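In what comes next, subunit A is part of two complexes: it sits with subunit B in the first one and with subunit C in the second one.
Right after this comes the complex of A and B.
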């Protein structure tokens, strides 16, 4: 089943486009320290230089090399996105599956917590926490994960509930398999598409939120971030720096978000028969 | 008969048209000042936010006894003459006879005496009246102020800063901080309060017809909030706004007048000197050696500024000390000093008892004249201090929150800034010690650990002999620079641009407005203070009339044309139908 899906994904043009863009951005982000021509924290260059061989995108108001800054900023975004997605999905899958399998009071409590979190806009909580407690990036990642796992959990729980009644699961249970065994041998593998979609969606939200918070100036100003780059570039727009300073982070962020959206769309199309055109 | 009537009507119509077009030419004259922050509190003495722009917004409505302009001398405002009687230690002020409050009541000596009593009872952040004993209205227009101690900065600090309040309104106000009734905005200044919108950050004032120096030649004064003040100027949405150094040439080419400010504003590193290790003078000196002021000027200001004097008083002030201790950039010396305090250099970081030397820095985007500016100082500071082994954790906050945290001592280092360092040297006193019974200012170091500094600051306030006072001011700067209750980093050069066609010639006040606010928005620019100036102004306002924006004429002229055509059509029709009008 999984091999067939992979094959299908390969044939899906939108999915492959997304994957291609994402791989390119991921490679850039991972190898940023090698690819960046200068130290992005080195402000010894002259300010406001136009793009040149030495500085591919020129320099900014304080004298940072914009190209190096962009690569490092992309790294922050990708790291933030992947970390939040991984943590939020792990929490979501564990709570979702266990709630469905255990049921009863435990299920009720978990799902009510999820409902409550669903009702609170996460960006507001994040802005409040970031503005008042000034936490480190690591704490922000954890916080964002803790307030975004609920959608994954709900989807997973619903799917697990329907899987639970399937014959092979019942058979396994009758043969004496433990809940944990059923969870990791049967249920989680079958939940793969749902998890994949959840992961990509969470990553997309996290990338966007990181840029947004940084743009608002809530982040540590010495972190390299696409949002911080944009917010500074916006302040010097009167100097015609948009093409070498504002545009690159905007394009990178858009590309990152679009590629994730494409991938999520493709996975959904493959696994949800209702969306199938062919 | 009909012919005569028709001619009469036609000439009437022509007259009407001519009248309406002249009405277009004397359309209301409006000046719009733009800034980025917008909200600086209600424009009433007790409610305005206690930074320069807050006072500026208030000073258009409330007059003081004396004032300053572009010359160093103090000039009359509500008081036309004054005298200091040293034997009695009193000041006698003779008020102008024709001054009125905006509600029509006359301004009298009793109002001045009342203001002093009221502000003694309800302290007002900008004025400290500890050295004033009492005030007495001798007659309708003469007030005598009895000092309890000699107070050298009196004229500038109280006479030129204390807004005079109307007794008939304020005598019933128990808690001035809660008083937001319309009465709170009745002053005797050149402009009347019309509206303030906190959310939009807009202020609207109207010229006061009965102002004793003559009605301002601007009918309406408006403060607007613009995210991009330069864009607002270029689009014609504002007549006067701060601009960035890079745009000076562009604005000059576009026909704007650009004025560069004096260096009366300093970016200052506030230090929590109650907390270890910042409570140690040697450590603070090490910080000063580790800080490269020139790098701030080169990078953060891109050269548009000047390294600051460590003695707080601006190096451009008439009061700047000749040999204030200096801390040339020397990271090795900084490391030596820190080592002498028992710290160990390990992996590029200083440690003591296994704990790394770590400091939090609050950063805010405060710039000259209270504007919000992109902040790069914190990054530069972090880089410089980390070079000498001090770990820095940067925390970004709103300027107002930084102010609050500093007031509550909830900080270690904070990047802040203030003006006033070009006026009377009393600023050195104000920014060093906490004056008893006054609201704590976010810019005051509240440092009283040096007996000698306290004594000199005392002399600075009470010494009435100018030469001796000067000596005390110089020596106080030396000690301030040695003990470093706070570290001045640099003076940015501020630029403002205005449209000369609007008819106002804005200027920077010598020593700053009132106590030294380095904002070129002096109300005198909008009225006619003397014959010479008024002749100039007339010329300017005439040209302004001629170059009045066509937009203000258009709604009236076309309507009169339409009216004329319609009337002609009506006459023609009535003629044809044979009706007699």
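Right after this comes the complex of A and C.
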């Protein structure tokens, strides 16, 4: 690797802006239990209150403190995003690298499955599964990972194929290195930037899907979610609650996804120097 | 090699259909417990003894699995996607009533976003590193980050509820009996916000794709040749460089379609626009499983159909494919 990636990233303004926003949101999500002034599951009879010192963003239809709810919802989004990204990327990297190295029928089968999954809108599958099984958040995470790994696998496979023909890998193979050794010592480290982009993109899709599914009403209703907050706030729009109830989750979700989009673009620009603004 | 490419494509299509059948046919039947009760519990229908046996017969659940499968395929081939007990209508009819609105929305937004994405991408890459390029890039990344749900909600609250410029729901004003131009205007007013949302959520993707591929194309020798010949700038940009840079855009249409369907689902739900997306939302709220399966089938078949069309058209757009294989 001849690119000093960390140094380059530090110089990339778009990337650093994204990282700053993301860090802020991550810290908020991690410390939500400490930062939240109220228990967001504590309902009171003070519903539809306007923002005050006691309730920073007021209260909702059943007297939940909206600010505390927002912090916990952000936590759900972050958790969902990281889990799906981790699982989907692991599957994608393993299948992609092994397909490129093993080749033959195995490669053909994996890649055709990946292509076929690309044509099926994952949201509809999730909706169908959710309707049949009424699954827990954990099952939703696994399902979403199982139907979104294919883009990572395709990218990783293409890159591995081109790496495979490079001289140092041929040398390692001629010296008798096993497939596992080559994967572990040479290919996976060199695939890192692609994996990083894959991780960020998957996290982005997962965060969006979580909010979306919750918005449509197919998510565990007892968890706090930005999507659930939005869908309830939409029902009470006639009460002029948009500025303290509807917009906070909408803006938080946008900030989270914007930060991920910035970071993904920055990584892409660093590792494909041809794209860089001269 | 040409043959192997065809085999590859056909395999993918067959596999896609296999997945579709798996999710629609096998999954409900592999469920532990009773498929009928699972399908209709939680909905507002009380399943009586009489209705239960009728449903078992209707779904053919009293017959062996392979016979059920053949019946399912025959029904599918006849365009029969089942009957929705909740809406008391044939699923095919429900979907066919909703489909035109969705197609209108998707098709128009596709044209608008592609046109603006291509123009902005070409102009931006041409001024690469300049002030306009940098501003445009950051702006597009920003819009790219705002999810379609958020754009939809913001548009709805600001332009429909706060300013009152656009209607808040539907595709036409009900019971208004408008005809001719007045009807068209009414339809456009209802279409405006969902269309703007869907278009806006697609432009950044088009823009980034075209910009990246233009940046690489501009460096190629044939662009230098065109310049040396003294061609007009817009001719070099659009007829020489962009014609080549646009190719990845076409190969991506098929992949992007699945994402567009997701966007449409949320946008139609937010604006209560009576297309497939809103129908899906209603199916979720009523736990109308036959309807959900029907929508999945139609969506996947549409994606496949468009993929096939692109595969066929691509040879016309990029004649090199013919020789390459």
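In this section, the second predicted complex is superposed on the first by the 274 of 278 C-alpha atoms of A that agree within 3 Å, B and C clash if a C-alpha of one lies under 4 Å from a C-alpha of the other, contacts with A are read in each partner's own complex, and residues count from 1 in each chain.
Going forward, a residue touches a chain if its C-beta (ideal position, glycine included) is under 8 Å from a C-beta of that chain, and two chains touch if they have at least 3 such contacts.
Because the structure is a prediction, the values reported are computed rather than measured.
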### Query
Between subunit B (first) and subunit C (second), which does A:41 come into contact with in this model arrangement: first, second, both, or neither?
first
### Query
subunit B or subunit C: which reaches more residues on subunit A?
C
### Task
Examine A:254 and indicate which partner it touches, taking first as subunit B and second as subunit C; both and neither are also allowed.
second
### Message
Looking at A:30, would you say it contacts subunit B, subunit C, both, or neither? Reply first, second, both or neither.
### Response
neither
### Task
Tell me which partner A:235 touches in the superposition: subunit B (first), subunit C (second), both or neither.
first
#### Entry: Contacts of A:217 with subunit B and subunit C, given as first, second, both or neither
both
### Message
For A:188 in the superposed arrangement: first (subunit B), second (subunit C), both or neither?
### Response
neither
### Query
Touching A:208 in the superposition: subunit B (first), subunit C (second), both, neither?
second
### Task
Starting from the residues of subunit A touching subunit B, keep only those that also touch subunit C in the other complex, and list them.
131, 217-218, 237
### Summary
Given the complex, residues on subunit A that touch subunit C span 14, 112-113, 115-125, 127-129, 131-132, 208, 211-212, 215-218, 227, 230, 234, 237, 242, 246, 250-251, 253-254, 257-262, 265, 274-275, 277-278
### Task
Could you pull out which subunit B residues touch subunit A in their complex?
228, 230-231, 244, 246-247, 299-300, 302, 363, 365, 374-376, 378-380, 382-383, 393-397
### Query
In their complex, what parts of subunit A are in touch with subunit B?
41, 43, 47-48, 61-63, 131, 134, 217-222, 232, 235-239
### Query
So in the complex, which bits of subunit C are touching subunit A?
8, 11-13, 15-16, 18-20, 23, 27-28, 31, 38, 128-129, 133-134, 137-138, 141-142, 144-147, 149-150, 153-154, 157, 161, 208, 212, 215-216, 219, 254-255, 258-259, 261-262, 265-266, 269-270, 280-281, 284-285, 287, 289, 292-293, 295-296, 299-300, 303-304, 307
